[in-house]
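Same chain, two partners: chain A is paired with chain B first, then with chain C.
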Partner chain A sequence: MRDHKTIICRCEEVSLEDLVRTAESYRCSSRELKLRTRAGMGQCGGRTCRALVDSITQKCTNDSTPHDIPLGYQAPIRPITFSIMGEKKDE
Partner chain B sequence: MDSRNTEVLIIGGGVIGAAIAYYTAKSGMEVTVIDKGDIASGTSSRCDGNILAIDKEPGFDSQMSLESQKLVDQLSKELDLDFEYRAPGSILVCESEDEMIAAESWVERQKKAGLSFKMLDRNDIKQESPYFADDLLGGLECETDSTINPYLFTYSLFHGATKYGAKVMLRCEVEGMSRDSVTGLFKVNTPKGEIIAKKVVNAGGIWAPYIGNMLGLDIPIKPRKGHIIVASRDMPVGMRKVMEFGYLMSKFGKERTVDEETDKYGVALVFEPTESQNFLIGSSRQFVGFDTRVDMDVVNCIARRTIRFYPKIADFIIIRTYSGLRPWTPDHLPIVSPVEEIPNYYIAAGHEGDGISLAAITGKLMTELLQDQINTIIPTDPIRYSRFKNVSTIQT
Partner chain C sequence: MIDVIIVGAGPAGLSAANVCAKNGLKVKVVDEFMKAGGRLLGQLHEEPDGTWWNGIEEAKKLSEDAQELNVAVECGVSVHNIKQEKSYWKVYTTKGDFKTRALLLATGAAETSLPIPGWTLPGVMSIGAAQVMTNVHRVRVGERGVVIGINILSAAITRELQLAGIEVSSMYLPGKNIVTEDAAKPLSTMKSMLKVASLAPSKLIRLGSYFMKYESLQSLAVRFYPKNGMKVWGMPVHLRKAVLEIVGDKKVEGVKVAQVDVNGEPILSTEKFVPADFVCIAGGLYPLVELAAISGCPFQYIAELGGHVPVHNENMKTPIDGLYVAGNITGIESAKVAMKQGAVAGYSISMDLLKTDVNIEDQLQQAINHVKQTRNQATIQFHPDIHSGREKIHASFKNTLRTDI
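Right, the complex of A and B next:
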């Protein structure tokens, strides 16, 4: 895990280095780590990096009981278009 | 259990508590902020980041926003952490002749109040974005409007406050408090021990009524829910913030000519390009208690409203949705005020959909109030707590 240039969040291009540095300096929750770095906030909705971001938080803050519940899922689980979202049920 | 002392205790680490902490600490006061969660874990990370005068009632309300805009511009230069500040202006678009007429009077009144507003015609709208529906008649523009990232702004203010010596206690809930009638000091109970404070500022957002109730206060704030869609920008749709004129009607609870669902959910189009490659689409307004779950029927309605104004956005991708709770007051103005019946107790809450816009001015004003200054940056009467004294039943 010491190759810090490794990209953890591909959508927003956030590296392990960014995540570790931020987690260490703010000792924050996963949610705050996500907001501060944008990891998990891109196209895929964090499907790829969520578990990694959670584990970085735990490692860096040395906390076995996370402050926050693990990162949540925000609907829609998979990206969809405005036209599909806007469809009336009875149409 | 420990006991600690502080001159000023700010309850609430949202954008309002952050701005008060920054300006009080900078002025040399000894200040502690306490939050039951993390910094910005309440409404201040579940919102948009607009610093707007365009949607404020002309006069006191819009001038207060203008003053706040000036402060945010200064903050963007004096704070260390970047918060994605930009000042591109904003526009409102009209879909009917009636709205155009109402827009004209809005512009006239704002100009009289000294703000930089102007009307836009059909052509101006076309220039603004090729994605707009063809039938839009025009709109209006406010030149000074700006935008920021709300949680980065909150983090940045806290970073600045701690540099001036502010202390921050997180994941620590205020569970009760009392005021010693002899010394006048506040005894505040938390799971981590007791805090003794000379002055207390209730900056609890939608939770301000619970905190006020600990000392028998009845603070008329209610959660007004709003939904937001985050979409990915395949192509640049527009450079600045856009709202439909009907947003004003929805905000101030006036009548609109829209379909039943749009009216019921208080849906009005708001488009906001962000600094990342995304854009945000809002908005909705509902009184449904403290429920922050996303309601897909509302999101559905917002998506339809989006397509009405931007037909070509239909194929754009929605990445996620979220919702937050605005701290609503009956007259749509915040409470930034001392409480006469409890000396040294202050309230800074109830900013509804304007807390990001008004955080800076609130922080500045609260610092002046805490120091008993007579000449304040803005008049204080319209936002005093005592204005609600004789309102026995508050209607939503």
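Right, the complex of A and C next:
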């Protein structure tokens, strides 16, 4: 009802309505839902919407939650600067 | 090379650090928050026996012990990657990279949100953020607010806000949509509040212990739940009203509230505006497992533990060599349980690294028993079936080893 006004991914401004429509038309995985809508691909790395995107996928496809984490994590798990990433020093 | 690196200076991480250091290991703890103590720093509540649980005091004790034992605790440092090398772990932080023989992940929990229209407005925050602002930073979150989401966590923190002199005018359910569905149903909300704890608003409990016995009475209780809410600590808790939208121009100005039927569906003709200058959203907690996920550790989804958790056994060991877990990363429980789990991890690591000492084995066994005792006596339980969740995860560890052979 008010789903077009409900933002799920703040960084990429994806609404609940967009996500539900996409999940229902493609019956897809969380990963595909993310790639199709860009939800979870913004600068926070999905730290707010990851669980929400997963739950939308599950409810739309009627699947039970898998044991493997649906939306995989990748390093770096925090936003860091290129200079930190490029650092080669040990200890 | 360091003996043990611990990610997270919460009750689990600090307890583990202190045990390792007592056994003579060289320990380093890193935490991205500016102060050690983790979620303890926000906690203040009255136990059923009338004593107070003061998290700041508990954190102080743990930190002082750590200092005495020469544990290096570094705050304001994030771990952004970990990698297993042949005989050690490499830990990548925002302040340098380190090698360690054993790695303990004690990263705690994160909050689930309840997305409703307007929740991106300034002045809307998670209930945990309100707790940190109030009890850690001592900043007033606002003059008069509402809480959305009725659960053990929001009940506890709302009380803390009140004690700090901040007015919370009401607690409501979230407006129902595909994501908030479970938290938006009056009956299931009431049931979970009844089961979880003595900390739950006392009136609900008193009413509850009566209704608990009879399924049919529970739905009656929800059907006839007072329209003006039930007052708890002077504040109405509304199991039959939901916030449909948070409104405001540049920041929160209030919420649109409507009565809901027993299934959580709003009765639109009853919609009303309630003024507020802050809104707290409380959707519950889930284990924060990012680092475990990139380590290659297998996972299990266990609802009783709060979501996906890394496979581990009672010794807090994962199936991956040199990788340990403790605290809320293994399942959502109270701070007291997290502390005891931390001690277990500490003995477990000490035993593996020092190998010879039989003495430690006894202490490890004792520490495991302490976890169980503490769990049985817990006044705050986030999930009523925590015991079955624990059994499931420990069984999965055995299965993982079996399939490896």
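In the analysis below, the second predicted complex is superposed on the first by the 80 of 91 C-alpha atoms of A that agree within 3 Å, B and C clash if a C-alpha of one lies under 4 Å from a C-alpha of the other, contacts with A are read in each partner's own complex, and residues count from 1 in each chain.
Just so it is clear, a residue touches a chain if its C-beta (ideal position, glycine included) is under 8 Å from a C-beta of that chain, and two chains touch if they have at least 3 such contacts.
This structure is a prediction, so every number in the text was calculated from the model and none was measured.
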| item | value |
| --- | --- |
| Partner chain in contact with A:I8 - chain B first, chain C second, else both or neither | second |
| First (chain B), second (chain C), both or neither touched by A:R36 | first |
| Which superposed partner A:I56 touches (first chain B, second chain C, both, neither) | second |
| First (chain B), second (chain C), both or neither touched by A:V20 | second |
| Which of chain B and chain C A:I80 touches, first, second, both or neither | both |
| Partner with the higher number of touched chain A residues, chain C or chain B | C |
| Those residues of chain A which chain B touches in one complex and chain C touches in the other | 67-68, 74-76, 80, 87 |
| Parts of chain A lying in touch with chain C, wherever the complex brings them together | 2-3, 5-8, 10, 16, 20, 47-48, 51-52, 55-56, 59-60, 65-69, 72-78, 80, 84, 87, 89-91 |
| Touching residues on chain B, where the partner in the complex is chain A | 38-41, 45, 151-152, 155, 171, 229, 231-232, 276, 294, 296, 299-300, 303-304, 306-307, 313-322 |
| Sites on chain C touched by chain A in the complex | 32, 78-82, 92, 94, 96-99, 110, 112-113, 115-120, 175, 177-179, 181, 244-245, 286, 289-291, 293-294, 298-301, 303, 307-308 |
| Interface residues, chain A side, partner chain B - complex | 12, 28-29, 31-32, 35-36, 38, 41-43, 45, 67-68, 74-76, 79-83, 85-88 |
